[in-house]
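Below are the structure tokens for one structure; questions will follow.
So that you can tell them apart, the chains are marked A, B and C in the order they are listed, and the count of residues begins at 1 in each.
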Amino acid sequence: MSNATLSPQRSSLRGATLPKWFAWAVAAGSVVLGLGISAAAGLGSSIQWALIAAILFVVGSYGISAKVEGRRQAKDRTATSLVWVAFLLAVIPLASLIWETVKRGIKVLDGYFLTHSMGVVADTEPGGGIYHAILGTLEQVGLATLISVPIGVLTAIYLVEYGRGRLAKAVTFFVDVMTGIPSIVAGLFILSLWILILGMGYSGFAGSMALSILMIPVVVRSTEEMLKLVPNELREASLALGVPKWRTILKVVLPTSLGGITTGVMLAIARITGETAPVLLLVWVTNFINSNPFSDPQASLPMYIYLQYANSGGSGAAYDRAWAAALTLIAFIMILNLVARGIARWKAPKTGR
Amino acid sequence: MAKRIDVSGLNAYYGSFLAIEDISMTVEPRSVTAFIGPSGCGKSTFLRTLNRMHEVTPGGRVDGKVMLDDENLYGAGIDPVAVRREVGMVFQRPNPFPTMSVYDNVAAGLRLNGKYKKSELDDVVEKSLKGANLWNEVKDRLNKPGSGLSGGQQQRLCIARAIAVEPNVLLMDEPCSALDPISTLAIEDLIGELKERFTIVIVTHNMQQAARVSDRTAFFNLAAVGQPGKLIEIDDTERIFSNPSVQATEDYISGRFG
Amino acid sequence: MDITTQKPAAPPTPGPAAPADKRAARGATRPGDRIFLALSRGSGIFVLVLMAAIAAFLAYRASIAISEDEANFFTTFEWNPSGIPPEFGIAVLAFGTVVSSIIAMVIAVPISVGIALFITHYAPRRLGGLIAYVIDLLAAVPSIVYGLWGALVLVPHMDGLYGWLDDYFGWTGILEWNGGAPRSLFTVGILLALMILPIITNVSREVFRQVPRMHEEAALALGATRWEVIRMSVLPFGRSGVISASMLGLGRALGETMAVAMVLSPSFDISASLLDPGGGTFAQNIASKFNEATEMGRDALIASGLVLFVITLLVNGAARLIIARRKEYSGANA
């Protein structure tokens, strides 16, 4: 092999590479140019200059990189920028959602707001609070949890510890199907059964039943996963000691996976707490405190938000209350989520994941 | 095409852990060099520094020099992607792209590097599959998925894929460890043919295999777990297996440890 | 994110080899064992009964409504169930539901895949982990909050985009804007996209994370750039996972109620332009019309809910099928 053939090959290893700051430089240049063009053309919207800058960036870095580094590197760079753009596109509205909720919600959120109802306050006037809504939400979600957890956990036990036949397959399949039921359909079912056919009235309990339909499949799935993580040796060790199967499940299997099951239940609660559609159909809403979930309309946080938004004719005071209730709701759900994850991490069985 | 590899003073790290320390050796073109040694001695890590695959592992870092003829792979301005085109690699477990056909697997490397005419691609695919002794077995099912072949065929498909881009060096990381004896034999025969065209470096756990296929053998060892791996000696294979100059090599080869 | 959405990503777990059921069940002669088995099996049967009841009761009430309907239930552009004679049909709702969901999918799927790739292959590890965690939490934000944000923050910000779209794409007719409030199916689609983005991202990220290292290394060793590695090994491997994730997202978009009801200004006609206010979706229509509905009106809404139920069942069923096939496929290559 002669030197003449060597030298061109050598340069192929050395493919020209643009410095690390290249991307930043092009980004900065594009933003400046984008702003400049917008100002010159008199375009006011921030979306427009951002769009121009983004296009300039992608085209610019592709062009320069294709010249210096070659087509493949340029494509790679374009893909990188597109991935970043996707990330930014999603982050901006999602950050705005959190930011606006906190900023607008914090205005009227105080001790008074949390401990008073809307009983004597007109929807368009400032004042009032969400005590009745918090009470209603806690009762409805609590009842739904009381219904769903025993059914969900027992179903999961059946699937993991007993079920192998046709029945188990059918249950697995329909639990899957149940996870996909839209919440409004669950509400319509209880409506037709409980209110239209049995002739019952609006109540927190009717809402709880619909919420249970949404909650049961989540509890079954998460409990199933957790029970599967319990090592078989543990079951066999207990059975070999002559402990009956049901006591083995109660005393050995369930305690081992209790942390995981708790996590799953809390995540399920977090999921149904914000459900509005079934509550709208079955519980309706009131401005007064109704502590009895078994009769008459009851308030709830999601419906409170909806009511403050929809029935207030654009009153600022009502919007403030809606945001504050939204902040309370998000805070509650986030705390549930964080605690659930905390438990999962703390109680994770050593064999798991 | 085959090039000489000249390594000097090479260290490789995982994060702050020094995995191999101060390795220097020369690999001759158109020869087969085998790396042997106990598990964890860093022979695979060292192999992966030769085509800059080590730095793909999170925390992976290298210092030292690897000269491919007169170009330092770790020099300034070297493009690791270009290095990997020049230095092909075959892995421990056969890893054809599962969603691609046999044909597309072999053509994958070429397609990365620009547009080829269909006829050109056909030629290269046929030539590479013949080069990997696989053509007769797969010529009727070029459009079937590569993952449908047997383990040994898959591994030869991976070799065909690697040689299709005409690399200068071919690295093999325990290419037979997941294969049955007959497939192993087929691959070993193939290595003997391929060394006419490529510089081949092969990591193996199987000392008979090293003795059968290689011209030169390098023995790696580590003082204790948690210590960096080191090159103990490199010499002609015949000499390593008959009369090694270091006691540890003889102990390892005669099965006294490892 | 709820556990169920992680399921497609989880490797097939071999069920613990509990002693073969039938014999164990028959051998359960102790009262404790019998009671416990009856309880847990009863719960399983209850789930089946519940599903059957949902279908049956919805169908029963819907049949009452449809038999009274003087117009064609599927093709009528009108919703007047308490009129004399009652006339109502789901054509507008079907159109609005499909169009808003398509817009949501067109926006959300590529962006979600982008973010998932960002987390698994582009962002520094720590940052990727943090973003994944935040997106996980965002999946838990209730739809009523998305609705409030959509109505009070997103809608006022849409004017600029609408004007811009009208300037450049107004000639198509589809994106023509007459200056009305931007409470159209298009805005609904954008909001739905934001709502399903976390769930699609989460599932896709799980799938991309599971791409076997050796497939990526195969591409790397051929001298592939990062993008080429993604195109050659990550995307083909993750394709079916992304599809099923998208189906799960689609299921949510189809059934979303409150956010749509708060953002859309509904009407019972179909406009050629996506930017015109008007139209409606199944779920939104139920929530908006429910309050003033007579008994006949409620049955009519239940009939439309039954259609929604069937559609979401089909979409979810398709998603499960794809997941099941993917399991077989990756099992063959393991």
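Note that in this section a residue touches a chain if its C-beta (ideal position, glycine included) is under 8 Å from a C-beta of that chain, and two chains touch if they have at least 3 such contacts.
Just so we're clear, the structure is a prediction, and the values are computed from it rather than from any experiment.
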item	value
Joint neighbours of subunit C and subunit B, given as chain labels	A
Higher-contact pair (C-beta pairs counted), A-C versus A-B	A-C
Greatest separation from subunit A - chain, by CA centre	B
Centre distance in Å when subunit A and subunit B are each reduced to the mean of their C-alpha atoms	47
Centre distance in Å when subunit A and subunit C are each reduced to the mean of their C-alpha atoms	13
Subunit B, residues touching no fewer than two other chains	81-83, 86, 112-113
Multi-chain contact sites of subunit A, meaning residues that touch two or more partners	72-73
Sequence positions of subunit C contacting 2 or more other chains	225, 228
Subunit A partner contacts - residues on subunit B that touch it in the complex	1, 68-71, 73, 77-79, 81-83, 86, 112-113
Complex contacts: residues of subunit A adjacent to subunit C	44-45, 47-48, 72-73, 75-76, 78-80, 82-87, 89-90, 93-94, 96-97, 100-101, 150-152, 154-155, 157-165, 167-168, 170-171, 174-186, 188-189, 191-193, 196-197, 213, 216-218, 220-222, 225, 228, 230-232, 235, 239, 244-247, 249-250, 264, 267-268, 270-271, 273-277, 280-281, 302, 305-306, 309-310, 319, 322-323, 326, 329-330, 333-334, 337
Residue numbers on subunit C that touch subunit B, as the complex places them	125, 212, 214-215, 217-225, 228, 232-233, 236-237, 239, 332-333
In the complex, subunit A residues that touch subunit B	1, 6, 9-10, 12-17, 72-73
Parts of subunit C lying in touch with subunit A, wherever the complex brings them together	2-4, 7, 10, 13, 15-22, 24-25, 28, 30, 32-33, 35-37, 39-48, 50-51, 53-54, 57-58, 60-61, 110-115, 117-118, 122-123, 131, 135, 137-138, 140-149, 151-154, 160-161, 164, 194, 197, 201, 225-228, 230, 248, 251, 254-258, 262, 283, 286-287, 290, 295, 298-299, 301-302, 305, 308-309, 312-313, 315-317, 320
